[in-house]
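The letters A, B, C, D and E name the chains in turn, as written, and every chain counts its residues from 1.
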Amino acid sequence: MIITVHHYLVLSILLFTIGAIGVVTRRNALIIFMSIELMLNAVNIAFLAFARWNLLIEGKMIVLFVLAVAAAEAAVGLGIVISIYRNRQTVYVDEMRLLKG
Amino acid sequence: MMILDLLTALAKVVIIFAMILGVVPVLIWMERKGAAYIQDRRGPNRASILGMRLGGIVHSFADALKLFTKEEIAAGSVSKPLFYIAPMITFFIAIVTVGVVPFAEPLRLFGYEFNLQIADLNAGLIYVFAMSSIGVYGLLIAGWAASGKYPLLGALRAAAQMVSYEVALGLSVVAIFLLSGSLRLQDIVIQQGALIWDWNVARQPVAFVLFMVALFAETNRLPFDLPEGESEIVAGYHTEYSSMRFALFFMGEYTHIIVGSLIIATLFFGGWQFPFVAAELMRSNMDGVIVIGWPAAGIALLMFGMFLVSRFRRRYRDLRDYETLLFGVPAMLFATLLLIAWAGLLTRGYLDNIPAWIGNAVVFAVQLGTLLAKALFFCAFFIWVRWTLPRFRYDQLMNLGWKVMIPIGVANVVVTSAVMVFRP
Amino acid sequence: MFEAILFYSLAAVAVISALLVVTRVNPISSALMLVVCFMATAGVFAILGAAFIAILQILLYAGAIMVLFIFVIMLIGTDPADLKRRQMTFAKILGAAAAVYLAIVLGLAAWRPPFIAAPMAGDAFLSPATIGKQLVTTYLLPFEILSVLLLIAIVGAVVLAKKKI
Amino acid sequence: MNWIYAHLLTSIIFLPLVGLLVTLAIPSRYEKTIRVVSIVTSSFVLLLVGKLWGGFAGSGEFEFVEIASWIPSVQIFYRVGADGVSLLLMALTAFLVPISILASWREINRSVKAFHALILLLETGMLGVFASLDVFLFYVFWEVVLIPMYFLIGMWGSKDRIRAALKFFIFTMAGSVLMLAAILYSSNAAGGSFDVVAWYAHKFGLTEQFLLFGAFAVAFAIKVPMVPFHTWLPDAHTEAPTAGSVILAGVLLKMGTYGFYRFAMPLFPMAVIKFAPLMLTLSVIGIVYGGLVAMVQPDVKRLVAYSSISHLGFVMLGLFSLDPQAVEGAVLQMVNHGISTGALFLMVGMLYERRHTRMISDYGGVARTLPVLTAVFVLITFSSIGLPGLNNFVGEFMVLLGSFQTRTIYSAVSISGVVISAIYMLWMVQRVFFGEITNEENVKLPDLRVREYWVLAPIIILVFAIGVWPRPWITAIERSSNTFLGLTKRVEIFSPTASKGAENAFPSFVRRGEGR
Amino acid sequence: MLDSLYQLVSIQTLAWLIVAFPLAGAAVNALIAVGTAKREMGAYRGVVSFFGVFLPLLAFAASAAIFVTMTNFEGVDPSFITGSLLQWAVTPGLVVDIGLKIDQLSIVMALMVTGVGTLIHLYSVGYMGHDEGYARYFAELNLFLFFMLVLVLADNLILMFVGWEGVGLCSYLLIGFWFEDKAKARAGTKAFVVNRIGDGFFLAGLFLVYAVMASANAPVGSGYFNFEMMSRYNAYFVPAATLISLLLFGGAIGKSAQIPLYVWLPDAMAGPTPVSALIHAATMVTAGVYMVVRLNFIFALSPFALSVVATVGAATALFAATMGLTQTDIKKILAYSTISQLGYMFMAAGVGAFSAAIGHLVTHAFFKALLFLCAGSVIHAMSGEQDIRNMGSLRLRMPVTCWTFVIAALAIAGVAPASGFFSKDAILWQTFERGQYGLWAVGFIAAGLTAFYIFRAVGMVFFGESNIPPEKWKRVHESPTSMIIPLIILAFLSLLGGVIEVPKILGGSDRLGAWLSRLIAYETAHAPDPSMAAREIIVMVITLLWSIHFVVLGWVIYAQRREWPDAVAKKISIIFRLVANKYYVDEIYDRLIVRPLNWVSTKVLWQTLDDTFIDGLAVHGTARAVGVWANIVSMAETGVLQQYLLYFLIGAVVIVGYLAL
């Protein structure tokens, strides 16, 4: 039973969907962040799978950049969550309605 | 063919882990002995097996025995699963880092190559760096699981400290692979060569200091002792732990020290490179090496035995007094045996055409020996530092980490790269 | 054969831990589950021949980001009372259903017949040296932009976290 | 100096910019020096334009052409050149700017530096518009003019200035956006280049011509302003400061007609044939409608604004009747309107400076206290009505005469415009200047100061000069308007106007014998 | 003496001088006016009056010199054209050169204009003596003379048009001379606007002339508007002749105050009396007649146009005469009489008797100027009183004014020896002779009415008992000499003026007809046939008796029996009130034209169309629409993060779903 690129794609889709569900359903901002990290990881898997099957270095490069961006995003995101928590004592997304249109 | 590989891999793992776990009690002994001598007292000498105190080493076995037999206490509010996993993680992370350390050049016996390095990753250095960054989890989870104030504080302090010093560690590591041009530790060692002034410590003194300090922080050794901080937060993260789990923490810490020293040795002190005698040189004139090496070892052993015997005194009037004799005399006997054998072989001319595999084996042994010697030296250094420097205050810790170490690290990287570019 | 086993085990670990991340009530446990998931994905990366990326993944995600998360969770503290309050509004269900539908469609699209094994990977592909070289030649611009991005992130985080500026 | 002579046009266009930089350099509290600098720069520009006129050979083609590559990748070149019409309009600009600066000597005392900087920037924009041969460059200058004008109205206007400035800006901007689309389309249709001469040579397709002409026409119609798009003008004028009004009326409106003259009509001759009746009806409506509405305006400036709609209706009538006299008359009328309406605005400004109101009802019997101003005002009123012997008559007469030959009905109706203009101007003069002094503020108004003499004197001289001896002005236009007509009438199929090829065919309805 | 003059200056430059002198006078006086705008006149008054009077005198002398030289040219056509001073507008199709044409007609007009002008200038020295706008008055009067001479002497239509409008301008300035008074200023504007309407038609006529000349492919270089060229190419004018002449006649109506556009003349009396005398009696108003006579070769081409001119003339004559009957303001009476006399001239021109029209024009200038000046001196004496009802028996205090007024009245009434008799009779006879009996009848009645209303004025003002309040009666005195001299000269002219036109039948040689015969092509084609001689005598006698009858009637009623007219008025009160209010023509115009025009342009054009539709709807409407739409869209922004993500996800699903299908 040989492993093909599709296995990896399916794995990536699965992880991505779980992440998406997490993002949509959960109310806690941190959980949402984690789900987003999960989705990013799923994407990385897909990238590397394609990179591996087409022997292209570009896949790896992009994954590198995704990692960096994820790190930056996490840092700033957590900063925001902390400051919101400090002002509103809540981390639940549906209680943060300040920016209503 | 697959099975052979599997077996060799297994063998390597077993040998190296055995070595490490073997050294841990010695280290505990050295710690206690060292601390004692620094504080001008004798150190452990009570525990004895059949009157043999072995200079106090038996004491560490006693400790181990104590810890294993103690009762496992877990507080009520503790979240059980995390509480159990935490010590395992710390110990596991500490042990796993050694997989990348190259103990010696690959040994070629009977056409089959045996490399005493578990995983020759081509990104070895980053692996070390990665493992050190995961090390934090153990402490974090331990602190959190204990769900008390002190453990939580300990955990937070540990996390903050580890994260900030990790950056400094990384930067110093960057300076090194700028020079060596490769991340494989084996390459780094080979590239350092035998001559001392080629070693990285000479070429990258700043990186060495940075790495050293960062490593202290990683292992939570004394100057950076805040997570445990006995005087303030009652043993920090592992206050709630008892017996076996505590032992795991304890062993994890010491393994981390040993592996840390091994890595310092490989990165900065030329790993298994015997100072001034390159491996090729040794292999090529193997006969000379043996001709000189063999008697030297014999004489050393002889001298050690005589030293032991001379220390014989009848103070306790029981078995313990005879310990020195018990070891000293056989040492002297064996030494003389060695010397006689050497003389005989030499006269019969067997030594002038030594078969290759012996050469290799001897070189292998020498390299392994040099590496272990260097590692032990650094362990001593750890211990020495532990019992001399006072603990940092938290803000001092942070300032040192962020405002001193990192800028110096960056500067170092910049300078090295500049130098490399303008004076290839 | 060996590789298949490894892949399936790691995939299983990843998916299960992902599910746990999403379903666990206590943020700490979901954070730890996420670390496990990252480890598993790192393993998958290693299988895919990207050793350097795998280690980086461990270093970055597990080592740095998750530490931050746990740090923040510990700071914020999980108040057991509102852990229990979980209600499913219609919008959330709709969202979940949409996500599932998306997964199915993509999955079907991905699972197309030409199943071919992975081609032999040359050493150039595997070693981090090529990544390094690429990073500084063809991808110099994104690399520089990335550094600026990270700087901004640092400054942002500092500003956000400071109490009074 | 010989560099300037060699690149005369460029130096003329960018000299105000130099002045601008100098004014910016001077710290803003030296108001006097700033004013002097801007006056000196603009009058020096006038001198240079004089030199330009001197060296102008009056040939049909563009003269003083200068080409320099600007954005070679997209084939956009800095192409500048002048023919008779642009020369005249540049002269008008160079003439009006120093006068308007001089006129706003006392009126503008808030942020003087910004004011003079904007005026000079405006002058560069205007000169650039009239001299640029590269359509893209034309568009750039077209936009450059917009911004300073917006600020002039926005910052120094009277109470409702923001709305008016905004309306002016958005109106013109909407038009120019359409034009930009057309420019881009036709540039790649004409092989990528933006050179107007190349465009003239290029044969545009039939539907292409209609659409492109439509786009250009809307943009320029807004600027002219032709009737449906004119509502911005009265607001802009009532709110603009004197200098702003003078330049707005004097030059900015001419950019619309110049646009038709240079781009919209010669480029798309077939479209001109098709749209001529529409444009002519609009201009005739403009004449009559502008006049009638002007009659009932309570505010002097709005009255003069509507009058300029009516006067420019004449210009458009002249342009679109495609008759040599009419076109030359139209071009001359552009200049005349600039002079007489500019003068009217100046004097209304002077009245405003004294009484701070523009409502006609507030005035009455002012002639007693301001005899000299009244005299000049009456003179300029008669010039703008088109009294023979003064400047507007020449233009109006030629336009009506020429358009009578080719488009008789339109011309006949436009004659009523002449009568209506007499009605509203004289009625306004009578209500403002003559009659008893109704309210007491009018009693003690100071008469014209020396500075104001210097503002009005050149205009009065010019009014008589053109009125009595228009020949030098017409010879300048003659050949370039012939080339314009040559371009606009190059149609393959038979066009209703050019019957026996005679330059000015006999008006159809008169030839009773031959039957229409 | 003349040839010594010609050594000094050629006849062309002399012609230019006629025009140059008044211009110089105007310029000097204007400078003085501006100079002393605020300060007291003082010494300048003398300088102004010197230039004001002396320069027109010089112009008169120059034109007299030219006239004399022309008279002793036997047989050869003495008319000549001065070279063009400058080419006004040279475009390929339009060559207009500014030059003067001195021929029989224009020299007669020039003589009349400068002669009467000088006298009136002399008169106004006295009349306007104490007015502070003295310099400005003389500047404008001289400017008027300049423009009138340009009009009369122009050698092409464009230059004539320049003069035409220039004269309109000066009449505007002079009528509104005392601009402080709102009514006077409004009268000035009204005059100019009505003239301008007439000019509109004139312009249209001009363009048609241009069209005709262009199509007649006359050599491009030559002046299309030149009278010479036009007369040479008048064959081409045949198709458009009617329209051109009607349009030009429209211009004439505007300028010479005929039926539809006469309303401005009565209001023009607001100006100072010498102005009315000069402009609204002698010169400007006659410009229309001059133009018609000058272009007689075009009018002749279309009999229809001529009949229109004649009928309009006759109608105006009768209409104005009736209105003259009921006027109480002395100047208004004279205004209406001018309108009716102009009607006569146009009737004459209409029937083809162009020389008779000119004849009447000249004589009318003399006695109408005299009438106005006498009225002026009466008003001057009565310190501004213009209503004849509170005047009377002024003959005691102002004998010269009275008798000169009577002589002028006799002339206008057409009593035997006075010039009016000959010129009016010539017109009536020519009309009768050419078979226009209807017109003759109208003319005949109008002549009677004229006699009646003029002597009504004589009776009310000079004879009968005086109803002047005592304190004013004390100050009534004869006008100063500077005003008396022109009256006396004009009185002579009114009496002897007829000599130029004594018809052949009475042994005269009809000098004027002969003099103008070369120009009037039409008349030569229509030689008087001898058989009609007897009838002419009878007609002449009947008209004479008819006029004398009305003279006596008028004088008797208004001198002695003042109560009769009131009685008559009461009986036919409706008609009387109708006529007294000038048939409400002004009110009708106001109601029919001015007010609706105002209403349309305010309500319809400005408020509704401009403000609400274009501005409100199109411009601000779109702005508001954008605002409304923006609010609607912002509703979707709830602030809840999850919903945004939901939208995002649904979007993704839709796209993927679409792609997957």
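The rule is simple: a residue touches a chain if its C-beta (ideal position, glycine included) is under 8 Å from a C-beta of that chain, and two chains touch if they have at least 3 such contacts.
In this text the structure is predicted, and so the values were computed from the model without any measurement.
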If a chain touches subunit C and subunit E alike, it appears here: A
Path length in the contact graph (subunit B to subunit D, fewest steps): 3
Chain of greatest Cα-centre distance to subunit E: B
Chain closest to the middle [Cα centroid of all protein chains]: D
Comparison of D-E and B-C by number of C-beta pairs in contact, larger one: D-E
Centre distance in Å when subunit D and subunit E are each reduced to the mean of their C-alpha atoms: 37
Centroid spacing, where centroids are CA-atom means, of subunit B and subunit C in whole angstrom: 34
Centre-to-centre distance between subunit E and subunit A (centres being mean Cα positions), rounded to whole Å: 96
Centroid distance [mean C-alpha coordinates] between subunit C and subunit A, Å: 6
Multi-chain contact residues (two or more partners), subunit A: 20, 24, 27
Residues of subunit C touching at least two other chains: 52, 56, 64, 68, 92, 95, 98-99, 102, 106
Sequence positions of subunit E contacting 2 or more other chains: 642, 645-646, 649
Contact pairs between chains, per stated definition: A-C, A-E, B-C, C-E, D-E
In the complex, subunit C residues that touch subunit A: 1, 3-4, 7, 11, 14-15, 18-19, 21-22, 27, 30-31, 34, 37-38, 41, 44-45, 47-50, 52-53, 56-57, 60-61, 64-65, 68-69, 72-73, 75-76, 82, 86, 88, 92, 95-96, 98-100, 102-103, 106-107, 110-112, 115-119, 121-122, 125, 130-131, 134-135, 139, 142, 146, 149-150, 152-154, 156-157, 159-161, 163
Partner subunit D, residues of subunit E touching it in the complex: 34, 37-38, 86-94, 158, 161-162, 165-166, 169, 172, 176, 179-182, 185-186, 188-189, 192-193, 196-197, 199-200, 203-204, 206-208, 210-212, 214-215, 217, 239-240, 243, 597-598, 600-602, 605-606, 610, 614-615, 618-619
Residues of subunit C defined as touching subunit B within the complex: 28, 32, 35, 51-52, 55-56, 58-59, 62-64, 67-68, 70-71, 74, 126-129
Subunit E-facing residues of subunit D, complex: 167, 171, 228, 230-232, 289, 292-293, 295-297, 324-325, 328, 365, 367-368, 371-372, 375, 382, 385, 387-389, 393-394, 397-398, 400-401, 404-405, 411-412, 415-416, 418-419, 422-423, 426-427, 429-430, 433-436, 447, 469-471, 474-475, 478, 502-504, 506-507, 510-513
Residue ranges of subunit E in contact with subunit C within the complex: 642-643, 645-646, 649-650, 652-653, 656-657, 660
